[in-house]
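The two complexes that follow have chain A in common; it is paired with chain B in the first and with chain C in the second.
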Partner chain A sequence: MASLALPLPGRRAFRPGGSWIIPPAAVLGALFFYPLALILGESFAGGKGAATLLNYASVLTSVQFASALWHTVVIALLATAGCLALGLVLSLILAFIPFPGSRVLARVIDTFIALPTFLMALAFTFIYGTAGILNASLMQALHLGLPPLDFLYSQWGVILAEVTVYTPFVMRPLLAAFSLVERAEIEIASSLGAGAFRIMRQIILPAAVPALLAGGSLCLLLTTNEFGIVLFIGAKGVVTLPLLIYTKAIQEFDYTSACVLAVINVCLSLSLYSLYRATLSWFGGRSAGLV
Partner chain B sequence: MLVWSRAGRAGAWAVLALLVGVIYALPAIIIILASVTGQWNGVLPSHFTLRHYANALHGSSAAMLRASIVTGLLASALALVNGSWAALALRNTRPLPRRVLDIVFFIPSAVPSVSVGLGLLVAFSRPPVLLNGTLAIVFVAHFVLVSAYSYGNVSAGLARITPEYEQIAESLGARPWYRLRHVTLPLLMPYLIAAFSLSFALSMGELGATVMVYPPGWVTLPVGIFGITDRGAVFDGSALTVLLAVTALAVLIALSRIPIKAAQR
Partner chain C sequence: MAEAVLGHPAAAPGLSVPFIGPDAARRGIGYEGIAVAYKGTIVLADFTLAVRPGEIMALIGPSGSGKTTALRVTAGFVRPLRGRVHIGGRDVTDLPPYARSIGMVVQNYALFPHMPAYENVAFGLRARGAQEATIREQVAACLRMVGMESFAKRYPRELSGGQQQRVAIARALAIRPEVLLLDEPLSALDAQIRLTMLEELSRLHRSLPTLTVIYVTHDQTEALTLADRIGIMRDGRLVALGDCQGLYRRPPNRFAAEFLGRANLLPVTVEAEDAASGLARVRFGAASLMVRRNPEATAGQAALLCIRPHDLRLEPPGPSANSLAASVSEVRWKGDLHDIGFEIGGHRLRLTAAPLRTPPEAGALVNCYFAPEDATLIPEERRG
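Moving on to the complex of A and B:
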């Protein structure tokens, strides 16, 4: 009865032809790609009609832009490095030195993905802020008149908050990769006298490379695009590209500059996204389980 | 088991406890503590109160909570329909256009939310469609931002379900629409639910695009919380943040508990 699973002749299978993709594609086109195209147009025209590169010249040479680009890149790189380091340590312990409840703990950390990013920024002001727990304790213990720690209102505060928020995005593919590592291999290596660090270096880390690259490039994208944390920490002088776009458009009503900045920011994000997709397809599809 | 010695394991767990405690548990506890704080002058709060929650459930704060929930439900539902439609339609498209369109449907998740908001502001403040200053522009912004997650979850689900059920239904003479309704969609149900709940949670926490486009009278929770904490009412802001997190998590947990008939392996 091999023919059972084959479509009967004459009856059309549910093969929605090429035209079925048009409605959802049109919706996305009208609501997402058309606005993006208008940003591009506005960045050249500036509402005046004739296309010109002068808008770009004035934005690209401004100190504000240079500083915002610098902060965006530095924060994204350092936060991603932090996410990779923290995610690796947490995943290694959760996967290879398990304890009752380690799976539950991994699930709980994973739910932080669904929480708003500014939650951490707000919590950090109570812990590390000038009037926060840490400073208050230090002032009490050391009899200081002024709060000794001021790192929260600098790029370090933003980086710390982003590491906290985006580490689960590294742990997700890492834990998936670690679950595929053969436990017997580790036990044999261990019984032959390999120490924990040698096993990590020779068995575990090679298996983790694709996950680290996928998680890392996703973190790079997300930290480049991050807005809520930077806005909520509100450190003076720490302005990233998304925050500068917001400031230009909403507070200064300078839509042309905002559009120029948005074009640059979108290009940066799309190249990071291509990097992420390339990493994923290089290592075999969406095995990392991420969008 | 990577570490065999008792001391080594205890050491590793201590490191884990310290990291998770300081990085995840402490902020979560502190924000809950702040939400019930009456007075906080020393290291820890000296007075506790439920006043901030009472404030949160009245007047403008209650309106924010409602705006966020309505926006989240509507945007997630629309994104689910659009994303599922796209994923189903792409299943039988030829390989090359399929790979290109697959990337196209993911791109909204890669573009910074502030730029999405700016684009909507530029596009819909001029004819032919004027949406600036209406609720619709907020719904559209949230729809665009969660659409990739809906599409991603559903297309991942489609890649995982076994095609035999559909083929058998087809060979037994089920018409396309009947098969979609009674075979494919039930098989996809876990992924549809996951798509909806993730979209809802993300929409509840969305700030970048909303802050660009929201009209007066439709302030979502994140935008409202920013305004409130910026004014210095940090404890009211904390209570609203806790309510926001609890609502998002409650929807995630409630939806993950729906019994699914066609359980899939």
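Moving on to the complex of A and C:
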């Protein structure tokens, strides 16, 4: 085997030099690190070019930041919980209760990952909005003067949209994990006297824990940074960190505060991403390959 | 001794684990005209078989012959299209797997990977609501029985294939089933461990004499070593059934002869029968041979003459031995035996013998001998 690594006679072996790092580093630096460095620098910018922490003190003690952080965390946690619950139920049905068209349905759900998030918000407006199909139908059916459903333009509307958009991110690793659960294990458990609930609790779910944690961490990361859905739904009084950054930068021209918020948001995202990677590492390569 | 605790329904009725009573345990397994179809294709047809209590019944056959389906019908994982299944005298056809008093071991063991060996073995007892003290006692007894008591805390991934197999057997036995279903349990093990496990399974059954075992395998050696009786399956049907020696020495059809061990099959015509001596005279080409009579192959009928390779000799085994002139086509030395190929009248035959001091050379003309009682007639119309 070792001989395979030897260069062929008369040919020079290809030895990549250290200079090959320059092109990707240049691209990465120009498109990612330089803008990030500018944001970081701006967040610490004080008068006369001196660095200061006052910008952070000002933002961190503001009511707007506290409210945005609260909304961001609450929406992200609830949406993630929703994704996990819905994803688990749907995945269990698709994986263990075969019905005609289940594979097609799994593929359709999978394609949700490819759709832009604001599209779901737009669809929700058509369906659940005050002038949407559901409200119009209910008003006609129940002879109501006002639309009976008014949840879309609230925090719950945002959460519902995020659950719909991000559930496939939980289902994908879950379905992969479920496909690794051997039918023989379930059959043996059944022959030993276990009912459906015990089999799910003691056989299936333990096998799905890595996928649940990985999918949940990914959902938490994505919902924390979600911007399109929050902006498009325009829920009253619901301002998350990404939306607050947008407001400060684009509407109020307060670039310094926007940069401080952006740095905080990046730190939050990196922490969640570290959690996601740590989860994958903890459960080993078997799960890492699935998500 | 372990079996005093682990035992079997009849041996240890004092434990609180649910089991069927001693009377039922005496009645074995009965299959009545079982038919199973997958997507319109019949995979098990008119399967009728009675397995005696305490018996090891091996079902063998090639892939797709229906042997695993028969096992899954017994377990309750497959519902038959027609027919009934009885275990311990009860009709269990409509009962769920857990109510059938079965333990099952499959090819890849299917141990629960996130549970240590102890919890794997305890699983069935917990599922059946056994008391914690009973679980401790029973699990310890089962692990001791399979020699795994010191591995109780190990996870399946920390065990070798043979050890996993032992845990799987302990798990199946922990609920004290009437019937143990073994689905190719040794096929994932290497040859040496397989032999050891065969001996251990045999020992295990000696310690649980009332346990009825259905052993599905495609390996005839496993079946011959372990089973009391063998059922040979082909295309969803039971094509041969009998005790190991009888089935091996007197296969009822060509398929049974070829599947259970190696067989030399020669087309012959029955010339005469002698019921008194139990022999028949048959013609193979110009040769007239005396062989064991088969009442189903009568005079004038075409038949197959089955001679096992180890029953062919290069020296006459007795004064009444049959002789066939043959040309040696190949000679192979396999360590503990010589495997010699012959050609006789356009037919290929094999002879196996303990290593020969002066084996014949390829191309040599020799005489092959066999005793009349070592040759079996298979009626032509019952070819498999």
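Methods note: the second predicted complex is superposed on the first by the 258 of 291 C-alpha atoms of A that agree within 3 Å, B and C clash if a C-alpha of one lies under 4 Å from a C-alpha of the other, contacts with A are read in each partner's own complex, and residues count from 1 in each chain.
Assume a residue touches a chain if its C-beta (ideal position, glycine included) is under 8 Å from a C-beta of that chain, and two chains touch if they have at least 3 such contacts.
Since the model is a prediction, treat every value here as computed from it, not as a measurement.
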| item | value |
| --- | --- |
| Touching partner for A:L54 - first (chain B), second (chain C), both, neither | neither |
| A:A194 touches, of chain B and chain C: first, second, both or neither? | second |
| Between chain B and chain C, more extensive residue contact with chain A | B |
| Chain B versus chain C as contact partner of A:E185, first or second or both or neither | second |
| Touched partner set for A:L144, first chain B, second chain C, both or neither | neither |
| Which of chain B and chain C A:A278 touches, first, second, both or neither | neither |
| Touched partner set for A:A85, first chain B, second chain C, both or neither | neither |
| Footprint overlap on chain A, where chain B in one structure and chain C in the other make contact | 187, 190 |
| Residue ranges of chain C in contact with chain A within the complex | 75-77, 96-98, 100, 102-104, 106, 108, 110-115, 123-124, 127-128, 171, 175 |
| Interfacial residue positions of chain B with respect to chain A in the complex | 1-4, 8-9, 12-13, 15-16, 19-20, 23-24, 26-28, 30-31, 33-34, 40, 42-44, 82-83, 85-86, 88-94, 97, 101, 103-116, 118-124, 140, 143-144, 147-149, 152-153, 156, 159, 164, 166-168, 170-171, 173, 176-177, 179-180, 198, 201-202, 204-208, 211-212, 222, 225-226, 229-230, 234, 237-238, 241, 244-245, 248-249, 252 |
| Interface residues, chain A side, partner chain C - complex | 182, 184-185, 187-195, 198, 202-203, 206-207 |
| Chain B partner contacts - residues on chain A that touch it in the complex | 4-8, 11-18, 20-21, 23-25, 27-28, 31-32, 34-36, 38-39, 42, 86, 89-90, 92-94, 96-99, 105, 108-109, 111-112, 114-120, 122-127, 131, 133, 136-137, 140, 163-164, 167, 183, 186-187, 190, 196, 199-200, 204, 221, 224-225, 227-228, 231-232, 234, 241-243, 245-246, 249-250, 255, 258-259, 262, 265-266, 269-270, 272-273, 276-277, 286, 289, 291 |
